[in-house]
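Presented sequentially are two complexes of subunit A, the first with subunit B as partner and the second with subunit C.
Our next item is the complex of A and B:
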């Protein structure tokens, strides 16, 4: 009798857990249209081939501005971008820490824009950076570092506690992608082929001071140490986007830090002409992010730097690796073609439902 | 630590596991420690206040009790040696000492409550009066109101009065007494327990009992359902309507008052369900505080079924004390002499009633709206009592007293009357409350209900569906309850049904509960009392 009761309880608990797990899947945002940025982080874990020479980490300045497929085509470099919208430096650090559990890249490229944020900014960005990570110690530490005062830790462990109220806004997208999401990035690169030329760059605000927060340095130090410990070359970059404004004072501080720590630092804003970026054709949001054309130009330029500075193998002659990357290329070019077709037909990227205010995501 | 916080749920889980893992003789000690852990979450300053109440009440009640036992042994030792007058004189002297101890303890503890809760109300009124003559204003004080102070003060004062009246001897173990005063599930919003009732199970050693645990968990889940799915969802609409009296008048006052009735019921009874459920999981029996009050056919009956522990507390410790006081005796004599036996004998009863309702009003909050609310309740009860012979005649004459429709009318009338009185609670301002009440009859804007304005009060269509379903379930459960415990009935069903109920409740609470970011985190309404 007692055994039967225990068994019944266990079955009931199992049914409850399965029901809640299903509801969680159903209620969590899928990020398959409109705000695609929320789907970036989780794509890495579905990647079968987790062997990369270069890992990019950072915010939109990496996932919108570098094309791993181009790096492969031009230099045979295998790369992946672990970026998310307004990824904060501690999120980048913990994401890197976690990535290193899966693989050991030769080079890690970190975009330094997030040094300007010493505090968590917005729950939505936290969610995009954290919800896609599987449960791990790194994730727990990242949650703890990222939470805003009105957020609850447990809601990151059981996201249904955060998204429970979405039941009345479920759409076809939620049903369609409840168990399986479609792939939307190219090794973390979010493709956009549309063009919105640069008109005017907003004037930079004068700041009360140009110090980076101590916490940012703390995590940058951690990142440096983590890379050293794992024999990884860390490269600091600042993507060539015109705003949010990157102040000269900030640039000096990063240069000084790079010098002190013997790191490569490239502020691509200083190389715009050399790269060949033309903000009348190479940006989809008037200078905030690069489009495919700009990203490919930047990738070609940066790939050369990587090749010259680090001993990166060209894998294009490796049949096994080439096969994998050929598949990626097919997906890359078919999406490129699709996007151009849509632009021609509708004047905007219809199936990507991208008509929103681009400045929301940075 | 709010009942609906994740911290509290974690706290409960740990407590339940440890409680049944340690030797049973230490269970009450663990509970005492848990009380202080729970209480310390609201700030260590608060712990000081409750500790002062515990110590002062313990010392006074022990002394009162010792005087009783001293008196008993003295009288036993001197049996037959004392004349009747000497015995009476001795007893009177003991009673005087006990009374002195009682009064000191009452004044001290009720004084703390009064100072913390009512000082600013007094200053507000002084400023209003002074404002008529000068521009000088007394500054308000920044006083801390410890969590649940009204509840634990009333509970401990009830205890000492019982000891004084010789109902039971004082508890000798200060730890156990502290546990009684600070028992955490009821610390926030009651019920106000009696020592002789709660101590029967509070200090006992408890075995792990499947029935207690399953019944307790069911009750907790039901409480969470009421609180999170109904009360906290409707809260936004209530706040929107009552927060903007210029914009929401007429029919919206009516809607607001009905919504508030639903919110208050779901919130308060939900909290009590959680309290009783937690206690039951621990093997402790806490008294019921509600018996389907919205099914009452009169205000008097309503108050016998709503917040029962508070009503009986005021009846036992205020009403009886006031009505048998020397002052009231004198009034009784005078009124009988001047107004005749029939009317005169009612005067002290009604004066005591008014006193009780004044106290009930001010207990609910230190503002005039609560005082007026309390007094109006008392007034309606007195008027209904006076009209009872007429009602009886009317019912007999037209033979309608026992028809279903008439009973339904009585229930609806009582419900609407209580809702109307609660407008004072909604708007927290006597003037606005009366203006809003009148607007229900003068501002005919019924058409606005269908013009989309109902979707501007913080509720979407989907919220209305959830609320409708929630309220239907609430009424349905209440109807079943009339024929006995729902959980007992459920226990007779197959295990499949039990577990289905658990799963449905948990899923409903998690999915349809109004909690987390996007919802106002809302304390239980009765926390503030």
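Our next item is the complex of A and C:
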């Protein structure tokens, strides 16, 4: 009788835990039809083949501007982008630290725009960078570094504590993707084929000072040391997007840092013509991010630099690897075709960008 | 007798399940009832938490061609009164976390942000010396002119001198004792 009572208690506890786990899954945002950027970080862990020559880390300037499939097609480089919206430098560092638990790439590419942020900016961006990571020491440290004053640590460990009141906002996507999400990126690259030409870029505001915060240098130093310790080449880049403004004073500071630490630094803003980027056709939001055409041009250009500087193996002759990337190419080109069809039918990317439809209606 | 036992255990099991689900519900309810509980759709948070919907006219505001422009005010009536801008730029921030719009008029940029589908004034930046603050300060004036107009009650960070009024501030950047930048802006911590 006593044994039965214990069993009943155990079953009750198990059901309680399962119910809470299910509710958490149900209530967490899925980022499948709106704000796809929220689903980027978690895609890496589903990747069966975690052997990459190059890992990109950083904000939208990496996941919108480089195409790993193009790098594969042109140079046989295996790459993955671990990017998230407005990824802060400490998030990039801890993401890299965590990635190195899974694999050891030959090259890590870091986009330096986030050096301008010395403080956490917004909870929504923190969530997009952190919620997709499985529990690990790196995640815990990243949470601690990222939290805004009014956020609570525990809500990152048990997201149900943060999302519990989403029950009245649940949509079809919350039900449809409760257990399994669809793949939305191409090794971390978020594809957009639409075009919104550059018209004018606002004048850059004068700043009271052009220093980067000490905390940013601290994490950049940590990144350099982590790469050195693991025999990884670190490359610093600034993507060739025109807004937000990248000041010459900032550029000088990064150049100086790269010189002092013997790192390669490419500010692609200086190579726009050489890359062949045309802001009347190669951007989907008037110069903030590149579209597929722009990302492919940049990837071809950067791939050559990577090949020349780091002697990366061309895996296109490796049957096993080629098979994996052939599957990735099928997904890439079918999404490309789907997006062009949508553009032709609706004039914009309906299924990839519901918010735009809403904003145009308003 | 055996049937009764089976029925009884089934009933207990159903009760256990119901109690467990009920407990989960109670836990959720207690959490959501916590005062100041921070929850909901984080993907639709606004760019600023400081501006109220209908701010009173602050101490420092800009006036152009008879149009009074206060930071945090609704932008629609202001942009309508100002007329067609020379340039208009909109930047959908990453992951659609708000839309920044910049309207360029003769002498100044007006930047707005979106909150609950409504546009509000985020900042006003002077572009040249054709416009002045209501207190008469323009680009290329001296730091002494600024202090004479606004007083000593400023905050100084690097070469920036700021006068704060609640959640808004008026900032002057000084280089070689000359004003090179004037901006009214919402304070974002």
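The rule is simple: the second predicted complex is superposed on the first by the 347 of 362 C-alpha atoms of A that agree within 3 Å, B and C clash if a C-alpha of one lies under 4 Å from a C-alpha of the other, contacts with A are read in each partner's own complex, and residues count from 1 in each chain.
Everything below uses one rule, namely that contacts are C-beta pairs under 8 Å (C-beta built on N, C-alpha and C of every residue); 3 or more make two chains touch, one makes a residue touch a chain.
This is a predicted model, so every value here is computed, not measured.
After superposition on subunit A, the partners subunit B and subunit C are seen to clash. Of the two partner chains, neither subunit B nor subunit C is touched by A:274. After overlaying the two complexes on the shared chain, residue contacts for A:344 are found with neither subunit B nor subunit C. Residue contacts after overlaying the shared chain place A:59 against subunit C, while subunit B stays out of touching range. Look at A:288: by the touch rule set out above, it reaches subunit C but stays clear of subunit B.
In the superposed model, A:29 lies in contact with subunit C only, and not with subunit B.
Once chain A of one complex is fitted onto chain A of the other, the partner contacts of A:162 extend to both subunit B and subunit C. When the shared chain is aligned, subunit C comes close enough to touch A:128, but subunit B does not.
Legend: residue contacts after superposition of the two complexes on their common chain; A:154 is shown touching subunit B, with no touch to subunit C. Look at A:199: by the touch rule set out above, it reaches subunit C but stays clear of subunit B.
When the two complexes are overlaid, the chain among subunit B and subunit C that reaches more residues of subunit A is C. Residues 8, 11-12, 15-16, 19-20, 23, 123, 150-152, 155, 160-162, 164-165 of subunit A are contacted both by subunit B in one complex and by subunit C in the other. Residues 8, 11-16, 19-20, 23, 29, 31, 34-35, 37-38, 59-60, 85-86, 122-125, 127-128, 150-152, 155, 160-166, 169, 199-203, 205-209, 243-244, 285-286, 288, 355, 359, 362 of subunit A are the ones that touch subunit C when the two sit in their complex.
Subunit B contributes residues 6, 210, 460, 462, 495, 499, 502-503, 506-507, 510-519 to its touches with subunit A in the complex.
Residues 12-13, 16-17, 19-21, 23-24, 27-28, 31-32, 37-43, 45, 87, 89-97, 99, 102, 104, 109, 117, 125, 127, 157-160, 171, 173, 180-181, 183 of subunit C are the ones touching subunit A in the complex. Within the complex, the subunit A residues that touch subunit B are 5, 8-9, 11-12, 15-16, 19-20, 23, 27, 123, 150-152, 154-155, 160-162, 164-165, 167-168.
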